[in-house]
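Each of the next two complexes has chain A plus one more chain, namely chain B in the first and chain C in the second.
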Partner chain A sequence: MYEFLDDFLFSYQSLIYALGINGLLALSMYVVLAIGQLSLGQAAFMGLGAYTSALLTLKLGAPFPLVLLASMAVPAVAALIIGAPTLRLSGVYLALATIGLGEVLRIAFVNSELTGGALGLSGIPEKAGYTLIFSCLALALIAFVLVSRSRIGRAMEAMREDEIAAGMLGVHLPRYRMSALVASAMLAGLAGALNAHVSSFISPNDYGFDAAVTILSYALLGGIGSPFGPVVGAIILTLLPEVLRPLHDFRLVFNGLIIVIAVLFMPHGLVPWRIRRTGARA
Partner chain B sequence: MNGAILALENLTVRFGGLAAVDGVSFHVEPQTVHGLIGPNGAGKTTAFNLISGLGHQNDGHILFNGETIDDWPSWERAQRGLARTFQNIRTFGEMTVMENVLAGMHAHVGGGLGATLLRLPSFRAAESAAIGKARDILGFVGLADASARRAGNLPYGDQRRLEIARALASDPKLMLVDEPAAGMNPSETASLIDLLLRLKARGVTLLLVEHDMHFIMNLCDHITVLNFGRKIAEGTPVEVRSDPSVIEAYLGTKVAERLEAGARVR
Partner chain C sequence: MLAQQLVNGIISGATYALFALGFTLMFGVLNVVNLTYGVYFSTGALIALYATRHFVAPILIALPLAAIATGLIAVVIDGLLLTPLRRKKAPELASLMVTLGATLLLYSLMTAFIGTDIQRFPPAAIDPSAIEIGTVRVSRSQMLIVGTAFVMVVLLLALMRGTRLGLAIRALAENPDVARLMGVDVTLVTFFVSFVSGTLGAAAGILIGLNYNAIQPYMGEAMMLKGFAVIIIGGLGDIRGALIAGLILGLLEGLTAGYVTSTLKDAVGFLLLVLTLWFRPVGLFGRAAIKRA
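Let's turn to the complex of A and B:
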């Protein structure tokens, strides 16, 4: 039995890591969608976290806990800087501005010698593991559930439903928008650092527009009624290509088809239920 | 004037060449129901938007409790005690009735991120106090039994009440109420008048936009009349009702002349 488990974990190690990391990325997307904003900068923040952590580990040999903290702090600072001008935008304009951020960073990574150019950085020691990755995911989920059942969570949902009405109730809209973007950047940065320290290799193309859209699709498939939705979406979209492997060449066709059907017939996502809030009891 | 809770001074806003609100000044005395009336397009809702911070005037000032609030964003006005309801109802449809009212208390419920995450006693105390207060407010507007229902599923009249409850939850000194009786039947309107009078008795000052004249005349202590963005009359309901410029604005010049002629013959 243990042998089987060992074999299983060995064969599917990178897939299982990906489940946890993509779950974190899905939560990073969730936190901005939860207040009704559409930001596509998550991949860029992930890249920033990944490069920060890899450079600190490789060049400075910094202790891992410190590396993880830095991988959240650097994207957070970046979010504060780009948030100031871009959060005045909303809807597709914010999405476009944050796509721009992703492209700027990608080109910077490609052209900088420090970051190894287009080849990226390799030989990153494997310092993260199952325990760390899934503890981070669990902690993040618990934090989101706790926040959603509070004044802050109610303000976030109010903003998502009607920002003008939320503002008229005293919700400090700019502060909430900025906090959501910073929290999103920190989660994405952490996911990037964890990913860098299990896959040993990172390159600029991992954090481009494709990645940004993939992260968005986790949240859209799972639904944003509760933080569990995006995580479920991430798990399904990460597993699907593996589960569909027997279909060989038709794999991507079915992958796409399943997503289209899910979005068409379940517009609120696969997990439409909301968390029962404090005070919802009659 | 000095004790006014709200004062508009020469308020003007232009959309391109159109002055939607044009040099309007009036003030609202505390603990009164003040009506803002006028034909369609008179600038009533625009004035409401300026007062609540959803638009910005080109000229003039708004004073709230003696303070100039021209540069305050809407959430700051709300935090300081200015609440409003909307002409097209804007309750949070996906949230429960209770959650809507709790959201209304946003500015007054304690609990930072740390206390929330750690579920500190201060957080729990603040939440349960808020829930208790929300129950009181729901009872006050007559929605006590609906507290667990999805707000979007409530009948129209109840959604209006919920919007008022949500605004009341923010502990306002002044509540702007935009066409509360629109689309209501006579019995709903009557109970709404009763609710607004009880609000006044609670110490909330009301500034009311409404087309239902019966409603306005029954409720208001003082009325300001706008037409084409300008103030054309103000006074008590009786004064305003007999003001020729008001009759003209509502009924047109010819009717006003005929009424005057009729009065002379009699």
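Let's turn to the complex of A and C:
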């Protein structure tokens, strides 16, 4: 009986962790979508964060707060390298280059001895927990709500609706695009580090194409009218396969289908409400 | 050693060029980034595999059959996913997202039914004999690769430059509304272009499948990385650029594998992609207009 309870708690626990981490990933997707760009490198940024943090903890025994900072800094640098040339061009280039980044990183993780090859890294100490994961999610949500209510949020929404008009009205497009991409990479990296430090094991396949598309499906299911949409999307898509067991085997088919349906039939997602801005009269 | 690496490079370069051709054609004419293109690569190879395995079709028959079947699949996918978006004049990222979702859906359906194990052509389908010229070895299937790629490229160029249909395709690429006003049946030409792209992608998949004799559903995903690199290096929508960029990528990969290390081989394409984006975003020939917002 106790064994059953232990088993149950164990799987329950990892599900709750997954809710928080996937919520962060959904927000990282949201930042980019909110300005009308598409990054498919969220899984790659997450993987970079996960591997950076795991290596720092395992090989150097670095203190955890420092590890978390590094796991945000490394993906941010990758975002700068990919973003600087592509963000000057049309949105297609960023999307293609970020898928490429994911594929190349996966190959690098598989082939490098440092990262444990295809087997990945195991025995990562469990340093994160409920409190840390959900405080990060709450902080990120609050920050995004504050940003949406501000002048910056208004500029972001203007960019999403009509980039050229936004540029004419004095929105500094390159700066916004780059900040959004870097912020998104940092969030994804943080999510990766947290995940590595609760699941004790990471492998290159966790950060491949499937993961990248799944993260997009969170945001599109929830809708990107407000930061709450993607989080709701993440919660639904994380819980649903657990509740509906038959769905479990076809989880990825379902995630793909969600994107198709969302783009074709419900462009505003499940949570269509927007956040009111302060000083909207001005 | 050098000669053999160059020959190997040309052989993979020919398949990259063939693969990228269909991808860049779709972008150049239909103005969509259709990510399901990688699925056509896998589908073509899988159909050819089952044709040779279960109907004992010789590869010379299985290849065109599988390519045509995949072309039809491409038309259906275009009709279901992209035609509605085109009608709504949706932004280009919408088409990218919808095909991305469809790609995950199709790959996971394929793996749900046939698994991810590597499957191989029956030994009878592959002629193991090779021709040796000095120290250079070229197998029959490698000759088939270069031959097929060459024939398909010549046919495509002849179609584009020498026929009324080609003229209609180029008109559609230039401006769909004006093409329609000039009497081009835009829907029909769109389906035709999807069909041709599908056959090109499938042919590349079958040829690569023959060369390495290892086929599984996700093989198209790894190929897409080469596809992105080639079409960006060649310039989005630029047919000539895609051909030359494909060959360049194949050669550089061959040389990297031969003289540096084979693990770096797959990173070459991405490195070239990033360098192109930094220093020459219009691609090799700089014809494609880059939309700067």
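In this section, the second predicted complex is superposed on the first by the 243 of 282 C-alpha atoms of A that agree within 3 Å, B and C clash if a C-alpha of one lies under 4 Å from a C-alpha of the other, contacts with A are read in each partner's own complex, and residues count from 1 in each chain.
Just so it is clear, a contact is a pair of C-beta atoms (placed from the backbone, for glycine too) under 8 Å apart; a residue touches a chain by one contact, two chains touch by 3 or more.
Computed from a prediction, not measured in an experiment: that's the story for all the values here.
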item	value
Which of chain B and chain C A:P85 touches, first, second, both or neither	second
Chain A: partner with more touched residues, chain B or chain C	C
Partner chain(s) touched by A:R154 [first = chain B, second = chain C, both, neither]	first
Which of chain B and chain C A:I164 touches, first, second, both or neither	both
Partner chain in contact with A:L146 - chain B first, chain C second, else both or neither	first
Touching partner for A:G123 - first (chain B), second (chain C), both, neither	neither
A:L173 touches, of chain B and chain C: first, second, both or neither?	both
First, second, both or neither for A:L38, with chain B first and chain C second	second
Partner chain in contact with A:I107 - chain B first, chain C second, else both or neither	second
Footprint overlap on chain A, comparing chain B with chain C	164, 167, 173
In the complex with chain B, residue positions of chain A that touch it	143, 146-147, 150-152, 154-155, 157-158, 161-162, 164-173, 274, 277-282
Residues of chain C touching chain A in the complex	33, 81, 84-85, 91-94, 96-98, 100-109, 112, 221-222, 224-225, 228-229, 232, 236, 263, 266-267, 269-270, 273-274, 277-278, 281, 290-293
Touch list for chain B against partner chain A, complex	52-54, 73-76, 78-79, 83-84, 86, 90-96, 98-99, 102-107, 109-111, 113, 116-117, 119, 123, 126-127, 130-131, 134, 145, 147-148, 166-167, 170
Interfacial residue positions of chain A with respect to chain C in the complex	36-38, 40, 81-82, 84-86, 88-93, 95-97, 99-101, 103-104, 107-108, 111, 163-164, 167, 173, 209-210, 213-214, 216-217, 220, 249-250, 252-253, 255-260, 262-264
